[in-house]
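Given below, in the form of structure tokens, are the structures.
In what follows, chain A forms one complex with chain B and a second complex with chain C.
Let's look at the complex of A and B:
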């Protein structure tokens, strides 16, 4: 069931979907870009959007989120979970790498104990992917089993074929949504051929590479090489940007606020780049910067694969683009002093 | 792929929202040392009092509402019902707030979390317990369990140390174990005072002097990281293989369920895969990350 839609009709399509879903589209907000609630008309993102600075994980795992609130009565406490808005959501234009990041996050949030906050939002959301035609120099998704047109982790996939988007339903969710959508044309064989060509062109535009062969063993073999880690992390200023903006980073902190008798427990993004993250009253196992950056790299390329059989990096390149001191994870991975 | 045994990892079945604590009530407070207190507590909900079960070695997240949450091992033994216990050293925000509470105060508790001591593996073995300071808290949850099933285990050695005589926790336990003829206990302090007539010396040194045999034995170690780091080599010297050494670890924790990320040692999470580990599991990473 492959369809197509004229680019100038995207506004109409979103209006139609808006009846059932809250729609989120790439938006500019101050100096940054992220997925925000659609205003009902603006589709100019089709012209400027390459990828958002703030990853779509923020829609499922917000930077700050209430876990429950409580009321103090004398010495007793009544706890209450936040009301769910129950609203169905649709994210329009998510990039393949970021959709893959959500699939990676699903594993940790489902593991052992289910995380109700993340999973309830995830279940309520339809992902409409948009293939990349203009990847950044810092993108390296093709080294991690994905590519700029990868439809593996979305419900509906769009491919730019000139004046139109080819529209494929990938999951059952996507199929039923397309079946209930009016104003779509059937794609022809020629359209599909054009899409294939566009996808091949995009694929060739991703030129940055990492070699992931035996990466777990290679990282393990130089885990204790302090000189190496110190050298390659010397310029890092421990700002945490590369983790906050990473679409697969999920670390969080939990804190309480109590004003008068009303309290709230909330969680907020945290980062292994910050010393307080592991600080205990008497000791800190990752006091030194090189230990923390090593944790970031090893978590993505060694530990997460050991636990979930997938590298927790999609090659989205955000950590390279946004780092204030031009630290580059691909250079680290390429220069490991492997001892075999 | 590096081989690390994670077969003990458990699949938990949680009902409802795992982050939502139960209300428990403090029933008794014992001053162990100037900075350590034991709290006896019970669930406010009658049904939970009956339903709640745990195993020696597991921990829970306790919260003072409005201040925050922190993990503590359950320091009582599941063989002794009626109430539950946890011990708190006053070191930070949450622990200070806990120390300010009195009997009758309500706090939050969610758990039990983590794995537990491998009772099957310990059966019919000689057990060598090595603890420092408040590190005795998780071990006493096991020691009482073992004593309550005494015929299942062979010799019991306990080596317990603290910085000074005033820092020895659970003296009432030390007294009963001293009286128990089936238990060999050695207590030591780093530095004694005028009234101290017992041993002096750090736990790893005393362990070397006591030199328990490694034959058919398992060492169970808990204490500050520095003590653990120096104890492993001594045990190796005494002939204990990494599989014969079990430890329960402490890290900064928040979620307690393997999500928030901070308590890892390599690919293992102290909250989810531990807190009980064999030395064999963690020795690749322990030198520089613990």
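Let's look at the complex of A and C:
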């Protein structure tokens, strides 16, 4: 079931979907871009949007989230869960790398422990993907089994074919939504041919690469090479940017706020790059900076694949674009002193 | 300048005058540079000096053990001097390779001038007091004052005063003081209520990545107050009130140490105009105490130095 829609009708389409869903679209707050609740009219993101600084994981795993609030009594506590908004959500325009990142996060949040905070939001959300026509010079998704037009992890996929978007239903959720949407035209064979051509052009625009062949073994073989890791991490300043903004990083910290017997338990993003990581329950086992940066690289390219059979990096390039010292993970992966 | 730097840096390593060289090399992304920290003289030919050497390299001095040859723009040299004043770095352990600095280009301003992202530009070139941005083969000329970082526009010391080797002829300040204060002036025009709303809004975006603190050469504490749990001065979660508190206290801690290098604002991934706070504090310190950080390595540091009489007056 392939449809198409005029770009100038996107506002109407979103209005229609807005009846059923809370809609989230790329938006700008100053220079900071993220997915925020649609204001009911502005679709100017279609002109400027390449990808957001804040990854869409924030819609499911926000930087700060109330887990519950409580009242402290004499010998007991009364706990109350936050009211669930129960709202059905639709994220419009998620990029293939970020949709893949959600699929990667699903694995950890559904693993030994099922995380109700993440999963309830995830199950209630429809993802409408938008293929990239203008990848950044820091994008390298094509090295990680995805590409700028990849529809594998969304419910509905849009491809830019000039004045229109080709619209494909990918999942059952997507199919039923499209079936219930009015104002769409059927795509012709010529439209599909145009989409294919556009997808091939986009694919060629991604020029950054990493070689992932035997990457687990290669990382393992140089794990103990302190000189190498020290040298390539010397300029890192141990901030939280690359991990917080990584669409697949999921570490969190838990803190209580207690004011006059009324308390809130929060969880918030945490990062293995920060020296204070895990200081509360124990010591940080990675005291040195080179160990922390190594952890970040190995977690994504060695440990996650060992556990879940997928590399926990989608090549979105945020860690490269946003790093204050321009540290580049692809350079590290290309320069590993492999011992065979 | 670049050639001279490479020669001097190589000599320093070869003659075993330093253990490390800290400078800049080209970044992987267009129009960027990245810190180069090395012991290896084969790396030295990668050193560059250009309009994009934004980082304040003084930040790495407190972390490295040994003697260091360091590339320093005017503001960086002040941060080094300030660290010497605070006894964090010994003067004899650093060889300052001074760069007379005509100002650093702010890529986010460039992007706004032409309405395109950095990676969509063909070229950005400084030509005297102009910047030429080439997009789609077309040259666009702007005054350089439209493209430099705000703090560069108000720079008081573009040529290092404290150095071992000066790599070029001294430059004079750009001195666009008003332009360097646009954001601050806007804030000053607001009512207190409006200003409160402004900061509330800005700090609601903070994600507590601590990049602002970690890029700051003046933030050298082993353990930052914000990580203390007994007492807990601020919650370590990104609530806007605590984010604001963190920044206000940080600002007080760096008063008299902040050299207006602009790194905190540049590093912030969510574009909070942090320099509006630090620069205002810089000016307050200058007015109240006639003190400017990092100008004189022999001057006692502002915040940790007391005269006998002061103590008697203060501690009763």
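We take it that the second predicted complex is superposed on the first by the 334 of 340 C-alpha atoms of A that agree within 3 Å, B and C clash if a C-alpha of one lies under 4 Å from a C-alpha of the other, contacts with A are read in each partner's own complex, and residues count from 1 in each chain.
The rule we apply is simple: a contact is a pair of C-beta atoms (placed from the backbone, for glycine too) under 8 Å apart; a residue touches a chain by one contact, two chains touch by 3 or more.
Values in this document were obtained by computation on a predicted structure and should not be read as measured data.
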When chain B and chain C are modelled together on chain A, clash or fit: fit
Partner chain(s) touched by A:283 [first = chain B, second = chain C, both, neither]: first
First, second, both or neither for A:268, with chain B first and chain C second: second
First, second, both or neither for A:111, with chain B first and chain C second: first
Partner chain in contact with A:338 - chain B first, chain C second, else both or neither: neither
Partner chain in contact with A:1 - chain B first, chain C second, else both or neither: neither
Chain B versus chain C, judged by how many residues of chain A each one touches: B
Partner chain in contact with A:31 - chain B first, chain C second, else both or neither: second
Angle, in degrees and to the nearest 10, that opens at chain A between the C-alpha centres of chain B and chain C: 90
Partner chain in contact with A:324 - chain B first, chain C second, else both or neither: second
Partner chain(s) touched by A:75 [first = chain B, second = chain C, both, neither]: first
Partner chain in contact with A:251 - chain B first, chain C second, else both or neither: first
Overlay on chain A, chain C to chain B nearest C-alpha distance, Å: 6
Overlap of chain C and chain B interfaces on chain A (superposed complexes): 253, 255, 257, 279-280
Residues of chain C that touch chain A when the two form their complex: 27-30, 32-38, 55, 59-60, 108, 117, 119-120, 205, 207-211, 214-215, 227, 229, 235-239, 263, 266-267, 269-271
Chain A residues touching chain C - in the complex, by the definition given at the top: 29-32, 50, 53-54, 63-64, 134, 136-138, 231, 234-235, 237-241, 244-245, 253, 255, 257, 266, 268-269, 271, 274, 276, 279-280, 320-322, 324-328, 330-331
Complex interface listing, chain A residues touching chain B: 67-68, 70, 72, 75-77, 79, 81, 108-109, 111-116, 216-217, 220, 223-224, 226, 250-258, 263, 265, 267, 270, 272, 277-283, 285-286, 291, 295, 298-299, 302-307
Residues of chain B that touch chain A when the two form their complex: 1-2, 4, 6, 9-12, 14, 17-21, 23, 63, 65-69, 91-92, 104-106, 108, 224-226, 250-252, 254-255, 257-262, 264, 266-267, 272, 284-285, 287-290
